[in-house]
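Consider the two complexes below, in which chain A is the common component and chain B and chain C are the respective partners.
Here is the complex of A and B:
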């Protein structure tokens, strides 16, 4: 009866004829536990789609309701929190698994002939999935999202000529608002998953076409002229069917991953939402999600002047280098022991990303958003001051300088502490620093009027240890060298205030 | 380990996990988020929480904080609840930010008055609201105020005084009349600034309410009316 039904369907669709070779195709016998990471990545992707569809049914993608709807899912919907936890943890797990998979392919040089395009589709998948992770963080529509978007927008802004247009396209307007969320929602649930599914299909089709690579053996080189023929011969003689031999191992590993995922979700729960994304209701120390922390670690270590170049150029170079990998060397040795240079590169990359992630986690690149309204100006900076200087301290809080600059060890650490700034800078230098900003410090020129500026500078000139002399106009710093064009006549430079 | 053994082990593990979860109940899993931990509006806990994150940076106590200390009773003696709630919702002068909905701020009108009542209950002290002097600015006579200033204030704020000028046009541009009123009425003991009715060098018995109005009118009259007057 069932057999008859299957035959009926088979006669009309050829489904079994399509699936059977997928299951029975031969894979190398020695392809043991090394080869399970790709399947685990696929499993996490499937979980993302299933939980994602469920979440899309409950989530309200409007700026006014998004945050509330997450609280609703967490607190009211049966198992809603579990759904969010699974989606969040599985997203991180997918990125990790993908990185391990990629590392394994790189170390075993599986990207060599004829599998160059397997690698290239994989690289595109990597960036699609990272984009999914980023847009997913925006869906929480909390302060982390706001902060991430702000930084994304400022990167877009730096693109020469069309920066403003790109920013507008990304945010759906000049500022982060309701339009932005709709735009990222469309990206996160339609555009990017569509692209990812297409790429996964392509990736799998290429695997079927080119077969699974064997474990690398020192001396067994890849010769494009003869490789295919010999590979097929070896598989026919020594290969094992994918199902059940290799599939069993995949299932065990995926099962273990799944158990771990459920435990993580059950114990640590969903991510966020953090505080509401209201720039005036600031009570968090926003950070991006894990897959992006290393980027911010890198940015926090850069000298500010190089930031624009690095933020714009580094991602492009990254894509190009990754895509180029199989084309730079698509034949010859595959064994790691014969490719020590590649092993070194891989280890350095892993260590760099780990170190930068740590840096991103611990570095004070993020301002303390509520310092201006929460941390009082220390009393010893207010006693014995003139009323104008006391108002300057009010301006210091009001203009949110404290969010980036600590006094008495309290406040943001994005910029240097200013407890002794009067010993380092003259009033003119202070005025210029505040008006024009510098590197990572915004320019306040247009936001402070002359009275606020005068009071602020007057206050800053009192910030010094009690017995130390303030910076003086000519004395404290050596005169700046005068840059002269070749052939230019030296003009005397007047010292002192302009 | 053979794949068959591994499958069996894993199956057993999953089964155990399932049993544990179904007996303890999903609601008691540690990852389940608890309802947001926000103290109920109007409680003392809530007041402190809100004050510490939104106000304390400018309004603290003793020598701390550059604006009027709200964590001690001096200010609360003359101030009225309406005045405080208005300052919170609409801001005041140039440097007190508005926290009300019209400014896109986080507080509703009812939260602003809950915060006001809460602050008064915690820091207002036993002192009753003073009936001797208004909490809000009262119109006065600037030329009388000049002579009050010379007699009572110049000793500390005059050219030879140690407390710094309060007629500096830059200073006056930054502070509202209400701000001046509060500075004179409440003083600031920790920084050595006397309250209106406390002894001053030229006035052993302090000022009268009329004199306060006059001296504030005088200071206000010294404020430059346009930007250009303060350009250095």
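Here is the complex of A and C:
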């Protein structure tokens, strides 16, 4: 009865004839656990689609209501918070899993003949997914989203000649507003998922066409002329059917990932939304989401003179290099042990991204905006000091020095910590530095009067370990005499009475 | 239709000069005339699609591309000029004069107003000239500081330190009936002159 129904459908659709090879095609016996990451990426993508559709039913994609509607989902819709948590965590998980999948393919050189286009579609998928992650961050429509768009707009603005036009296209208008959110919504729920689904289909079709690559063996080189034929032979002789032999490992790994995802989502909850998207609340300190922290780090660490060029050119170079990978070397050895240079490149890339992500997370280049008013001056820098020095400590706080300079490990890290500055700089040097600043420090000469300056320097000259000598000009045996021009600000000698 | 019936009529491969083998059945029964007619049908169809598509493209491209051109601004009041005492720099907000109905809170805009002396002002955008983060004014050190990468500006808006390539963006201002008005609109950015 059921059999007859299946036959009836089969006779009219050919569905089984289509599906059967998907399940029974032979895959290499030795693939083992290396090959589960692509499946896990696909699983996370499926979760994104399902949770995304549900969220689209609850979310109001309007600049005036989006933020409120997220709060409504989080706080009033039954398990709405869990829905958002799943979508958010699965998004990060998908990016991570994709990166691991790509790394594995790169290390095993699975992109070599005939799988060049498997790699290329994968690279396009990577950028589509990153675009989904970025537009998804905009969907939160909170302070981070608003100012993050501002950063994107500022980068677009730096494109020569057409910067302003590109910025307009990005924002959907001259300001970050209603049409910006609608534009990103259309990208996030229609354009990009459509592109991703198409690319996934293409990627899978190519996998079926070209077969799963074998584990690399040193000496087993890829010869494009004979590869296909020999691969078919080996699979026929030594391969195992995808289902159940390989599929069972995919199932177990995906299952474990799903359980982990559910636990993360349930325990840590959804991401944001952060503060209201009200641009007049300027106590914002915008940070991008995890997948972009390393880019934030890289942009922040660039020397300003080169940053425009790097910001605009580096992404293009990145795409080109990634796409070019299989065309630069599509034959020969696949084993990592025979491709030490490639292993080195991959390791360096991973380390660089990890380090930049850490930098982006801690962002030591950002001033601590409330350090001057919120942090106490450590007591041992105050006891036994002269009134002038204590007054200098006051200036140190009130002139916001602390926002960039830490004392006792507390405060900004944009400038050097000053706990022992007196061992490194003489009073003259301190005075000069404060008055004139340098590339990364404002010149306070116009902003502090001479009394404040004097007090500040006299405080700074006490900042040293008790038994260490203060800094002096190399070669000078005695404190240098103080030279004063008429009308010049009094330069204090360390701790000396004026 | 006629094509098929002519095939059935059984034109012999050698019957007419300039015939080509028929791709479908190999009967070689297609005359040059039929070729021409098929070519015409294709061209006619393509022309219809082209005309229809070109008309439909107007609103489509309009939606996609119009934002590239729109750069508007308008005058907006920041309230009484007396609210900005000489020698001080104060925070002010306004509703963007080019706001759209769906902008919600994002139409609110902030700026810093510096009164140099009575009747002389400077009005700065909050957007850092580096990458657009909101700068904050610190009256004690007389500096604007940016929370993102530590850009700093002096009270006259000129660059003091850090990565910004220039000083703060300024809005044109005027006094009208005792009120301070600024010309604002599009998001300030490097490509603009102000």
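Note that the second predicted complex is superposed on the first by the 360 of 498 C-alpha atoms of A that agree within 3 Å, B and C clash if a C-alpha of one lies under 4 Å from a C-alpha of the other, contacts with A are read in each partner's own complex, and residues count from 1 in each chain.
Assume contacts are C-beta pairs under 8 Å (C-beta built on N, C-alpha and C of every residue); 3 or more make two chains touch, one makes a residue touch a chain.
Keep in mind it's a predicted model, so treat the numbers as computed, not measured.
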Partner chain(s) touched by A:168 [first = chain B, second = chain C, both, neither]: second
First, second, both or neither for A:461, with chain B first and chain C second: neither
First (chain B), second (chain C), both or neither touched by A:265: first
Touching partner for A:110 - first (chain B), second (chain C), both, neither: neither
Chain B versus chain C as contact partner of A:376, first or second or both or neither: first
Touching partner for A:398 - first (chain B), second (chain C), both, neither: both
Contacts of A:63 with chain B and chain C, given as first, second, both or neither: second
Contacts of A:135 with chain B and chain C, given as first, second, both or neither: neither
Partner chain in contact with A:451 - chain B first, chain C second, else both or neither: first
Touching both chain C and chain B, counted on chain A across the two superposed complexes: 278, 280, 283, 372, 398
Chain B-touching residues of chain A, taken from the complex the two chains share: 71, 74-75, 79, 81-82, 85, 245, 248-249, 251-252, 255-256, 259, 262-263, 265-270, 278, 280-281, 283, 370-380, 382-383, 385-391, 393-398, 402, 449-452, 454-455
Touching residues on chain C, where the partner in the complex is chain A: 64-65, 67-72, 91, 93, 96, 98-110, 126-127, 130-136, 138, 140-143, 145-150, 152, 154-155, 160-165, 185-187, 189-192
Chain A-touching residues of chain B, taken from the complex the two chains share: 3-4, 6-7, 10, 13-14, 17, 21, 26, 29-33, 35-36, 52-60, 62-67, 94-95, 97, 99, 104-106, 163-166, 168-171, 173-175, 190-191, 227, 230-232
Parts of chain A lying in touch with chain C, wherever the complex brings them together: 62-65, 67, 146-147, 150-151, 153-155, 157-158, 163-169, 171-180, 182, 276-280, 282-286, 299-300, 304, 307-308, 365-367, 369, 372, 398-401, 403-404, 412, 414, 437-444, 446-448
